[in-house]
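Should a chain be cited, it is by its letter among A, B, C, D, E and F, assigned in written order, with residues numbered from 1 in that chain.
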Amino acid sequence: MKLVTAIIKPFKLDDVRENLQQLHIDGMTVSEVKGYGRQKGHTEIYRGAEYVVSFLPKLRIEIVVKDEQVQAAIEAIRAATNTGQIGDGKIFVSPIERAWRIRTGETDNDAL
Amino acid sequence: MKLVTAIIKPFKLDDVRENLQQLHIDGMTVSEVKGYGRQKGHTEIYRGAEYVVSFLPKLRIEIVVKDEQVQAAIEAIRAATNTGQIGDGKIFVSPIERAWRIRTGETDNDAL
Amino acid sequence: MKLVTAIIKPFKLDDVRENLQQLHIDGMTVSEVKGYGRQKGHTEIYRGAEYVVSFLPKLRIEIVVKDEQVQAAIEAIRAATNTGQIGDGKIFVSPIERAWRIRTGETDNDAL
Amino acid sequence: MRISPASLGLAAIASCLFAVPAFAGQSPIDPADTAFMTFSTALVLLMTLPGLALFYAGMVRKKNILATMAQSLAATAIVSLLWFVLAYSLAFRGDGALIGDASAAFLRGIGLDTVSPWARTIPEMLFSAYQMTFAVITCALIGGAAADRMKFSAFALFCVFWLFIVYVPSAHWVWGGGFLAQWGVIDFAGGTVVHINAGVAGLVAALMIGARTGYRKENFSPFDLSMAFVGLGLLWVGWFGFNGGSAEGAGSRAVYAMVATHLAACAGALVWSGIEWLHNGRPSVLGLISGAVAGLGTITPASGYVLPWQGAVIGVLAGGICYWSSTALKAKLGYDDSLDVFGVHGVGGVLGTLMAGVFATASVSASNGQAGISGLLEGNPHQLLVQAEGVVITILWCVIGTAVALKIVDLLVGLRVSSDDERLGLDLALHGEALHQ
Amino acid sequence: MRISPASLGLAAIASCLFAVPAFAGQSPIDPADTAFMTFSTALVLLMTLPGLALFYAGMVRKKNILATMAQSLAATAIVSLLWFVLAYSLAFRGDGALIGDASAAFLRGIGLDTVSPWARTIPEMLFSAYQMTFAVITCALIGGAAADRMKFSAFALFCVFWLFIVYVPSAHWVWGGGFLAQWGVIDFAGGTVVHINAGVAGLVAALMIGARTGYRKENFSPFDLSMAFVGLGLLWVGWFGFNGGSAEGAGSRAVYAMVATHLAACAGALVWSGIEWLHNGRPSVLGLISGAVAGLGTITPASGYVLPWQGAVIGVLAGGICYWSSTALKAKLGYDDSLDVFGVHGVGGVLGTLMAGVFATASVSASNGQAGISGLLEGNPHQLLVQAEGVVITILWCVIGTAVALKIVDLLVGLRVSSDDERLGLDLALHGEALHQ
Amino acid sequence: MRISPASLGLAAIASCLFAVPAFAGQSPIDPADTAFMTFSTALVLLMTLPGLALFYAGMVRKKNILATMAQSLAATAIVSLLWFVLAYSLAFRGDGALIGDASAAFLRGIGLDTVSPWARTIPEMLFSAYQMTFAVITCALIGGAAADRMKFSAFALFCVFWLFIVYVPSAHWVWGGGFLAQWGVIDFAGGTVVHINAGVAGLVAALMIGARTGYRKENFSPFDLSMAFVGLGLLWVGWFGFNGGSAEGAGSRAVYAMVATHLAACAGALVWSGIEWLHNGRPSVLGLISGAVAGLGTITPASGYVLPWQGAVIGVLAGGICYWSSTALKAKLGYDDSLDVFGVHGVGGVLGTLMAGVFATASVSASNGQAGISGLLEGNPHQLLVQAEGVVITILWCVIGTAVALKIVDLLVGLRVSSDDERLGLDLALHGEALHQ
């Protein structure tokens, strides 16, 4: 199993979910994060003082999938999120050794 | 060392913490996430328009433990969170190669 | 590639970012988390009832770096966050197998 | 006190002499009425700042909260200044059937002792300030229909044009002795002038600016309904000044108007949320507060003409009909009026103006020996007809005037933000600020 | 002005003739008093909407904020309508020792010129509306004790029964010429009728509904104390109308009541937070605002009978005793009164009603040549005894009546949400809405 | 009504006899003025609770929101109690050129029928309560300059000393018949007493306590500007009571003051945000509300002396000059006045006090046959000179008195929290509470 982590622009979430659903990947966990990278933040002016806000709001999507689904998942995410604009985000893949579904005790691929 | 990541229902946090404490696992990091899976969200009606809220509030618990503690930790978490109801959540295990305690510079197992 | 995850005190974020920038590590993802560990929380008293607030606000910083940058990144983070006080936090290193930049399709080291 | 035009002329002089006997022979200004109207003016301002700002901001998405508030403040600042520059005078001075005159432009001619024929026991400056708060909230209300996508510059400019093209004539026709008043249209505190105008202008704006990106696909649910709730609370309390104060003095008619208003709000809230309970299985907080506002808006034109218990009846109708127009009707017609300015205020305004013609009870509006206004229930179907004429004319003029105003603004600065800015949120895009960051 | 029953009879007629000399021979309605009472009515409504809604919502957990607000709005809508249907008449019309009559049901018989014997210089419609706002806030207050777990339907129904079973008789006994008034119980603005009733009803509700799941184990700390702070601010300002307006007219007695009220709030805030400072090492914001409300609630029955500086003394007592009852006493007895309605309002109401009997100063309540009420300090221990009788009878009736009302509601719809719904939060479970999502 | 000292003496008796003819021969207390002033008092209290608390709390970082609110409540409680203990008497009783006397300490001698020479138609108790709300908000305003780092204990103690050292004398000099009044300084509602005092004291506090850790490096942007917006709304509405009420009675002068105030706020908001639009490419919500407060603060001393349209002119100046002082000037001088109390209130107070000397129009302040005050534009340059003297003396005394008060508090409890506590946030460190957790 692999953990596919994608850092994306917030408004792309629904598109990603739809694309993944078509692959029958029906589980994911999403969290609000702030990202820093090539995309520049904005300047705020507060009573005459300028502050650079470097971190931009992003969403982190985490999906644990079977090894054979990884490539399809990545393509589905890219298809949904690629606008060609800076700050579209990243996808990272890392290993997952074991998995459980708490409710049933099913493990590994069955737990997903 | 392993990273044990559990996605659980929010109100189970205190039970998990208590169970882990009994195993002398005294460190964890918790974040608020939204989950999507077999458990269905709810429908909101806003001025006549229906919206499906697919993502449900969950907590993500992350614990880095020594290899030999993994099994006990998983059982402790399952014991605290298994209600038998859909949406109870998942546990994932992944490898951690190195660890530091910032304050002391201790590394790996000593850092936990 | 490695994922370097650091759990730090919130007000250290800017220092970390500056230190990493000097290493030309220009991407990171930050999330608000709550931490539990040796550092004790505080007691709140609410209309005569005491509650222990065990979890403290922390930031989780995630940086995916090339293998050869790991050591430098860790030192940069430690230098910025070590106050010698309990609760300074942890750094964990875990493997990343693949990476994509969504916008360009660049992969692995090129994607960072 | 909205005085029917027939009561003017000689009666005006007579009532000056006899109406306020304890002070006859002295300044016509009554301290009690002045205190009452000061208080009413403050309450109506409270309705906009921060009432409406909260009510509206609480219903938008997080990224547009500050921008929504900014609209209310801009409307207040711009309309207030223009009011004293010229708008007041055009609305409430002079005898024109269509428009007043410029005799009080820049406040000229409004001295410490001047009173207006429309409010003979308080300083005219106070009457003008009171009326100003009505013009302010009417413009601010319109903003809700175009929320989440209209440029700040466009909204600010729109207020300028719309005030003079639509609000000022409309107010003159009904309250300033214009032709609708001469025909006998009654509108105690703004069914046509405030609510129909705001609602219809909102609809036109929603149509001309177009729907929000993602409308009916994305989840647009309110970020912080507690804000909207607080806004509703302040609107409700402020409405005592809006409707009560429209009696232009402290007395039983003001009290009747307030009680009718309060009961309409109560009934509206229960009916709207009750329908939801039947349809959706539970009453929403949004439904409770929407129903209350529907009741408040709808009773407005009738409030000083009907018996208090009739306010409850009107509130029941308001809750039901405005629920329908803000859900079923809106869905059917497909326009995107973000905060249902048309569904609540436009439809409520029409309903209330007609109901004034149905329920008007002569004894409530009788004063100083002059007969009051009777409606359909008291055997005067003519009043209902007149009210319908007032409604139709107000709507027609408002549609044309609003379209013209928007067109001008569109040519000058453009109405709508870019789709990138809409995505990012108006708070950051237009004001460089964000909530909770 | 709460008039002691002894002052009625012939005196009533006499004072009509002589009390308002500038208007003698004309309408008894005084515009200044009408303006003042209109303003007071608006202020008391502001206390509930949005004052109490904010105060309460700010002290619950995030998932219950909207539901807590919804209770205040439901209480307002339901109680207001019933008030005019029948409750006002039963409370303030007729001579019964136990209950009034139905002579003003559905507002019948309250004309433009009608005045009430209980407020002879303002329209009865205004007096009725003013009293309505008291009934509203009393019912809304009770909701706080059962917050986080009571069904919305149950709370709405409970308001209906409780209004008629408890509030209406209690108001009649003390303010409508009933037997407690005849015995000489004084209660300026609602120590028994409002605060003891709300507090005791809250306690009974908390006991019958049971503690919140997780009580004394989980962290129930308030999600947004800034909301509660704003609520306190609006309550405080509104209390000027609550206590000042209970003089039923603009004058020195109203001013005395307001100043006593203000000083009690100040003293209560400092004492409560000061005790915390000593005990816990720091004063909490929750303590500051709780102490202020304790002072405000406690001074209420005494406010128009005592000297302003005595308000400060009563505030000191309130801060100390209500702190104790909301922390130590509550912990000892083990009930879960979510927002300390009993600890603050119940205990404060008892304290204040007794203190009225201690501090009452004849000169403050004297009017039109009639002697005022003296308390213990002026050598009249009997007044304290009478006050104690009033307290005991109010508590007894309230316990019984509340239990009956709750039992009926329990049979009809059940009082408490399911434990799943309690977990999920009432906002989503009962209203299908959530804050900040 | 601020009466110039020259108008006292025989005139005082005369006006008692002739000014309120309908009540001549009876109690001097006018119910209408009493209603009006009650309402004004409530409005000014609303400015602090919750107005200023919200305005300030909305501009700080999340971790300091509750602590910022706590300051406003502490100021209210402490100053109110001390006001009645002694401060009122020292400020408004007695003939001293420098300070009043203790004749009304502990409210002694303020009976139900007592009136003050400074407000002859309302109970003195009401006048005292009204003035109390001014002292309260002045102290509360200062807190903003030291927000985010001052100890709660230090702020509380500071209020005690500063009230007596600075506020009381200053109020006596200008409003209580002291030497500045004798020189002819005019200050309708607090340019010197309230705004210069608060602003200058804030500056001294900011300098003595030192800048916030991270000043000009970290991002200190406001956590919740919607709160600040609501606060501004309540301040604005409350200012009708602040400036209107300073006429001490319901009448045209009060109305003029209110309209001038409102127009100044409108103009200030547009100018400040307009300058931002030019400089930064967009108008911020913070700019809109800051400009409105600048307009409101600046018009204050002039409000009852000028024509309403002149209020707009003063608002324009206020928006521009206070923008400059809160951005460019502050940056240049380098002090850290967290919420720009000096930049807005201090500078605005100076500007407004001088503008009163420029724009004063005799007809507005004329009363009972006595001539009003003329300013520079009416050919009386002397008035501007006198105003400048008032400004200089107020600033000097305030700098010295504030420094002394802070020094004493520093010795007693220390002014500033530890840097760890500053990091953690004052909410948790000082009050053991936190928002949204």
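The criterion applied here is as follows: a residue touches a chain if its C-beta (ideal position, glycine included) is under 8 Å from a C-beta of that chain, and two chains touch if they have at least 3 such contacts.
Source: prediction; values computed, not measured.
Note on connectivity: the fewest steps through touching chains from chain A to chain E is 2. Any chain bridging chain D and chain E, meaning touching each of them, is among B, F; the list is complete.
Steps from chain B to chain E, minimised over paths through touching chains, total 1.
A repeat of the C-E interface exists among B-E, A-F or A-D. It is A-F, with more than half of its contact pairs matching by residue number.
As for how the two copies chain B and chain C face one another, under half of their interface residue numbers coincide. Chain geometry summary: the mean Cα position of chain C and that of chain F are 47 Å apart. Rounded to whole angstrom units, the spacing between the C-alpha centres of chain D and chain F is 33. Chain centres here are Cα means. That of chain B falls 53 Å from that of chain F.
Of all residues in chain B, those that touch two or more other chains are 31, 44-45, 53, 94-95.
Counting partner chains per residue, chain F shows two or more touched chains at residues 22, 30-32, 35-36, 39, 218, 221-222, 230, 280, 284, 286, 432-433, 437.
Contacting chain pairs in the structure are A-B, A-C, A-D, A-F, B-C, B-D, B-E, C-E, C-F, D-E, D-F, E-F. Contact residues of chain B toward chain E in the complex are 11, 14, 42-45, 53.
Of all the residues in chain E, the ones that touch chain D in their complex are 22-23, 26, 29-32, 34-36, 38-39, 41-42, 45-46, 49-51, 53-54, 57, 65-67, 69-70, 73-74, 76-78, 80-81, 84, 106-107, 112-113, 123, 125-126, 128-129, 132, 152, 227, 230, 427, 430-433, 435-437.
Of all residues in chain A, only 44-49, 51, 53 touch chain F in the complex they form. Across the complex, chain D meets chain B through its residues 216, 219-222, 276, 280, 284, 286, 290, 326-328, 330-331, 340, 343.
If you check the complex, the residues on chain E that touch chain B are 218, 423, 428, 432-433, 437.
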